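These are the structures, in structure tokens.
Below are two complexes that have chain A in common, paired first with chain B and then with chain C.
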Partner chain A sequence: MSILIIQILNSLFYASVLFLIAAGLSLIFGVMRIVNMAHGTFYAVGAFVTAWLVGRASALGVPAGWTFLLIPVGAGAVALLGIAIEPLLRPFYRRAEEYQLLVTFGLLLILEDVIRFLWGGLPLSADPVMDVLPSVRFGGLIYPGYNLVVIAIGVAGAIGLWAVIYRTKFGVMLRATSQDRRMASALGLNVGLVYVSAFAIGCFMAGLGGAIIVPTQTAVLGMGIDALILAFVVVVIGGLGSLQGALVGALIVSFVRTAGIQFFPEVELAVLYLIAAVVLLVKPTGLFGTA
Partner chain B sequence: MDKPTTVDRRKFLGALGVTVGGTGLAGAGLVAGPQLVKAATEPPKGKIPDTPFRTGHMTFFTSPAAVLGEPSHKGHILAAEEINAQGGLLGKRKIETITADEAAGTDANVKELRRMKLEGKIDLFTGIISSGNTPALGPVAEELSLLTIFVDGCTDFLFDKAVPQPKYTFRITNIQSADGITSAIGTAQTWPQVRRIAHIHPDYSYGRNAAEHFTLALERLLPGTEVVSESWPKLGTTDFTSHITKAMSANPDLLYTSVWGGDYVAFYKQALRYGLFDKMKVATTLALGVAPHAIGKDHPEGVLAGVHSNYYFTYPGGDRWPLNKEFVQRYYKRWNEYPNFQSEGSYVTLYMLKKAIERANQLVGGWPDDEVIISQLEGMGYDAPSGYLYIRPDNHQGYKDAVIGFSKNLPAYPFSTWDPDRVITIPIRNITAPPSWPKPGQGHNESTAAADWIKKTWPKATG
Partner chain C sequence: MTADVSSVQPKLLLFAAAAVVLILLALLPPFIGLYQTQLLIYGLIAAIAALGFNLLLGYTGLLSFGHSAFFGIGAYSVAFLLRDAGIRSMELYILIGLPVAALTSALFGYICVRHTRIFFGILTLALSQVLWTLTYKFFWVTGGSDGLRVARPTLLAGMVSFTGRDAFQRFINGYYYYVLAVFAICVVIMWVIVHSPFGKALQAIRDNETRAAFLGLRIRRFRWVAFLISGTFTGLAGILWVPLNGLTTPEVLYWPFSGEIVFMTLLGGFRNFTGPIVGGILFTYLKTYAVAATEYWQLLLGVVLVLLVMLLPTGIVGAISAAATKLRWKEKPA
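Up next, the complex of A and B:
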């Protein structure tokens, strides 16, 4: 029984991070109609910046409890990076998809090299954040309290993003731009500002994903590419451009992956792609996709 | 197949030559001289060109495997700088190095190998970490007639199947099957009471090989053991929470894992927080295989900590084997960090080549042809920092005594290292198939010659 609870928590934990990454990817696609290949690398940047900050803070003797504050700082740094990069991508929004994929893939390679240049090849850890919180007992097993915080942040992220998009004026502008960019522009919307805001929010989400996961693991080279592939599986299942799709897709991927690990270890790799393939066959736009 | 005979386990381990020791160089009884950095004793014969000797070093500079790849490159560069400081190979030819990132993928690596040979005009190809790459690169190196010394990429498949009769390709680090067998022997020696075994391995050739040979050997050493849980995470996975919970749910006595590189660092940090190390013994093939400083002091003590059965920089320790002490000092001075087994492997690669070239020069004069250099590499014995290394002529594979240790936090180092009093050494000839043993497809269909050899010749232990 305690195994079941922990595996469910593991799945929710994994889904939280996946959702943050995939929701950002979907948001950026929804508004700007570009598939951002570099999105996973923004997640990695969030992890590296946070781990580096936590390392610096610990070295300076900052109490571990305060290092929690570095998580939003890490995510915010990625948002700033997004604000700097978005104007550079703008000329490609109306180009064919091949251009967008090539350009954002180039961006991915550049950012990966920047990470390596800045932080080297060693895994970077942010243990102090993780070890502030005590473990929770389930039967004879323990579960790290921090992982529950990650799940809570995932839930808060989903609610927050939903509220911004469906309950604020900015959300209306975002949706208007997404539906008809020229009309929105004609009605006096500052489309450029909407673009850069949407891109920054998407990057913040990815950066937040990286910032919250790094204390439980480490920041390693290549983590962004791994995350990108999983985020693609999520949006293929859920539907690119859909917030609900990202949420449901992340939950499906996480729970199926965990079930695969627990019951069918031999097919752990295949099972996710299998679901994606089935969804593509049955509903090519994804479960919540419209395009 | 005949039913295996039985033998008392202590006698069995004794027959395998397993020793658990302190700082010594068990079983070897060798006397080391300061031969590594020493200049050639005989002056080179004939006229030697002063054109650079171009080497191509391919290893992981990106991806989680860079924790192994960067040390490989650093070992290579250190050796090249030392040799160049003495004037270069045969005192004339300076070693130049071009590099490539192994993370580009197997197909791209094959293209890059061709490009290095045809455009880069390399004289030697070296490096390589992944077992997925050597079987693709080996045949191409043979086709290009390019002298190639793989540092790692240790799969048995390379010389069992992909290049069964190598001419130009060699490999330095121990053959892969030795890894699983070494961990099994370490387990049987240390924890003979374990019966329920959980497995977590990366889902590709290395993980499969490590699992298979561990289980084969352990069935002989500890009959009655069973696999109670297995997980096959993708290589490059950093979320192991579900794998860890699954392994714990099976209540194993021992977890055996071949997860490595950045993946292992992520794994042990999560396993620690899930209390896994309190619930079971843990045996690994590569826990301390990465750059030593990548494993923090939070790593639990007493884990059977593999180094790919090759080398850890504290062993042979002290003054017992000065070659190692001096190598570690020079490496630390150059890079401000300690070497791992890849550093040692790529360092030794260039020095073995240097020795082969010098011998070949004495034989034929002038700059020797590759054929003559190869004839000198075949069967070469070499005093390496790790101990005695032998290149078997039949399969061009390097063999050295396998080592594995136990993790421990020592005040002298800011990272987890080996317990200096509990290093397990196993003579390599006792855990690898002998030269004449049939390869897969020659009368048997086991995955490796080693697997067939264990099944046919190892007795079952009792007691």
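Up next, the complex of A and C:
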């Protein structure tokens, strides 16, 4: 019984991180109509920046409890990176999708090497953050308390994003731009600003995903490339451009994956890709997609 | 009808130019040395892969991000044939590997052509990654991340084999002409395909799907066949690649390799018949020298890709032919 609880918690933990990445990808697509192939790499940047900051802070003797604050800093750094990169993408908004895909693919190649240049090829870890919180007991099993925090952040992220999009004036602007860019512009919206903000928020979420996962595992080269494909699977299942879709997709992928690791480890990833393919065939727009 | 008459001469000219290029390529090895010859083989193989890929992107208007699947299928077919059936003949590799690649592309294509644009790309990507992860996970069959070694095959039904002294030199020189011949055949076949009524139909579908449908073209069927041919060509490239490389790993199935195929096609230009050929060869050199020059070769390639998309969206061949057209206009203004 307690094993089942732990497996469910594991799935939720994994779903939280995946949701943050996929929701960012989906938001960027929904507003800007760009499928950002470099999105997974933004997640990796978040992980590396956070791990590096935590390492620095520990070396300087900062109490481990304070290193928690470095998680939002890491995510914020990725948002700044996004703001710096968005102008590069501007010439491509009116171009064919092929070019947008290729330009973000080029961005992915560049960023992967920038990570390698800045932090070398070695894995970076941020264990001190994880060790701050005590473990929780379930029956006879122990579970790291930090993982529960990650789940809480995932839930908070989902609620926060929903609130921003559906309950604020800025959200109205986002949705208006997403539905009809030219009309929104004609009504006096600063579409350029909306684009930068959407891209920054998307990058922030990806960076946050990387920042919260890095204490539990290490930041390694190539983690972004793997994450991107899983984020694709999530948004394909849920529907590109849909927030609920990203949430449901992340939950489906995480539970299937946890079950997969338990029962069919060889084909665990293959099953996920096949689910994505089947969803695309049966309902091309995904479970919650409209466009 | 007058158009037909006047188009005869450029066509002849084109064939003459192609023949000259082929002869030049055949004469090259003694002058450039072993290493350059080996590189050129890699380039020709990449050109075959890109040529096949471009039937989809350039002529049918579908961007596949999963062509690594067919390249990998070709490569792994050869590895399995050698390990499990003890086959060492290159001709048998091609004869057995090609139908395998064709079947895989037929299956993938059947699923993927139900979509176009971005969804087509994601679907091809997802399916190719199914193969990648299976290759990775079933290590007792595929060798996992270590991959499978492939020995030098015999050419021309076992008449030419490479053992003993100078085996490597003789293999490179012999294999160069082998690949060059296959490459020439591929170019001719692809030329015939894109200039056939079938090829014209693909271009009609690319330019205006609705109009093509009203003309009675069965769009999905055409796309499917194009996908099948495209995947088979790329599979052939994988078959030719693995004896030269001596090893196949899951890397050739991983999606960034699909990205490389897209990259080389774009480098040459996808709105041209010769674009992917030039792109495949150039990309091979570009990557080899970038890897040799700097640890951060990915960065270099990424910058080239971004600049290319920004400044030369029609690729190198496209830019040259545009410049040539401009020159001709200046010479004799209409």
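Before moving on, here are some points about what is shown:
By our rule, the second predicted complex is superposed on the first by the 290 of 291 C-alpha atoms of A that agree within 3 Å, B and C clash if a C-alpha of one lies under 4 Å from a C-alpha of the other, contacts with A are read in each partner's own complex, and residues count from 1 in each chain.
Here is the rule we use: a residue touches a chain if its C-beta (ideal position, glycine included) is under 8 Å from a C-beta of that chain, and two chains touch if they have at least 3 such contacts.
Just so it is clear, the structure is predicted and the values come from calculations on it, not from any experiment.
When both complexes are superposed on chain A, chain B and chain C clash. Look at A:80: by the touch rule set out above, it reaches neither chain B nor chain C. Contact with chain B, but none with chain C, is seen for A:3 once the two complexes are overlaid on the shared chain.
When the two structures are aligned on the shared chain, A:187 is found in touch with neither chain B nor chain C.
Legend: residue contacts after superposition of the two complexes on their common chain; A:106 is shown touching chain C, with no touch to chain B. Applying the stated contact rule after C-alpha superposition, one finds that A:91 touches chain C and leaves chain B untouched. Shared-chain residue A:216: touches chain B; no touch with chain C.
Of the two partner chains placed by superposition, only chain C is touched by A:274; chain B is not.
With both structures placed on the common chain, the touch criterion links A:265 to chain B and to chain C.
Shared-chain residue A:156: touches no atom of chain B or chain C. Only one of the stretches 146-154, 182-190, 308-316 or 326-334 belonging to chain C has C-alpha atoms clashing with chain B in the superposition, and it is 146-154.
Common to the chain B-facing and chain C-facing surfaces of chain A are residues 112-113, 116, 265-266, 268-269.
Residues 57, 63, 65, 111, 114-115, 117-119, 121-123, 125-127, 129-130, 133-134, 137-138, 255-256, 259, 262-263, 266, 295-299, 301-306, 309-310, 313 of chain C are the ones touching chain A in the complex.
Across the complex, chain A meets chain C through its residues 35, 88, 91-92, 95, 97-99, 101-103, 105-114, 116-117, 225, 229, 232-233, 236, 240, 265-270, 273-274, 276-277, 280-281, 284. Here chain B touches chain A in the complex through residues 61-64, 66-67, 69-70, 103, 203, 230-234, 236-239, 241-243, 245-246, 248-249, 262, 265-266, 269-270, 273-275, 291, 293-294, 296, 298, going by the rule given at the top.
By the touch rule above, chain A contacts chain B in their complex via residues 3, 6-7, 10-11, 13-14, 112-113, 116, 120-123, 125, 127, 130, 135, 141-144, 146-147, 213, 216-218, 220-223, 226, 257-258, 261-262, 265-266, 268-269.
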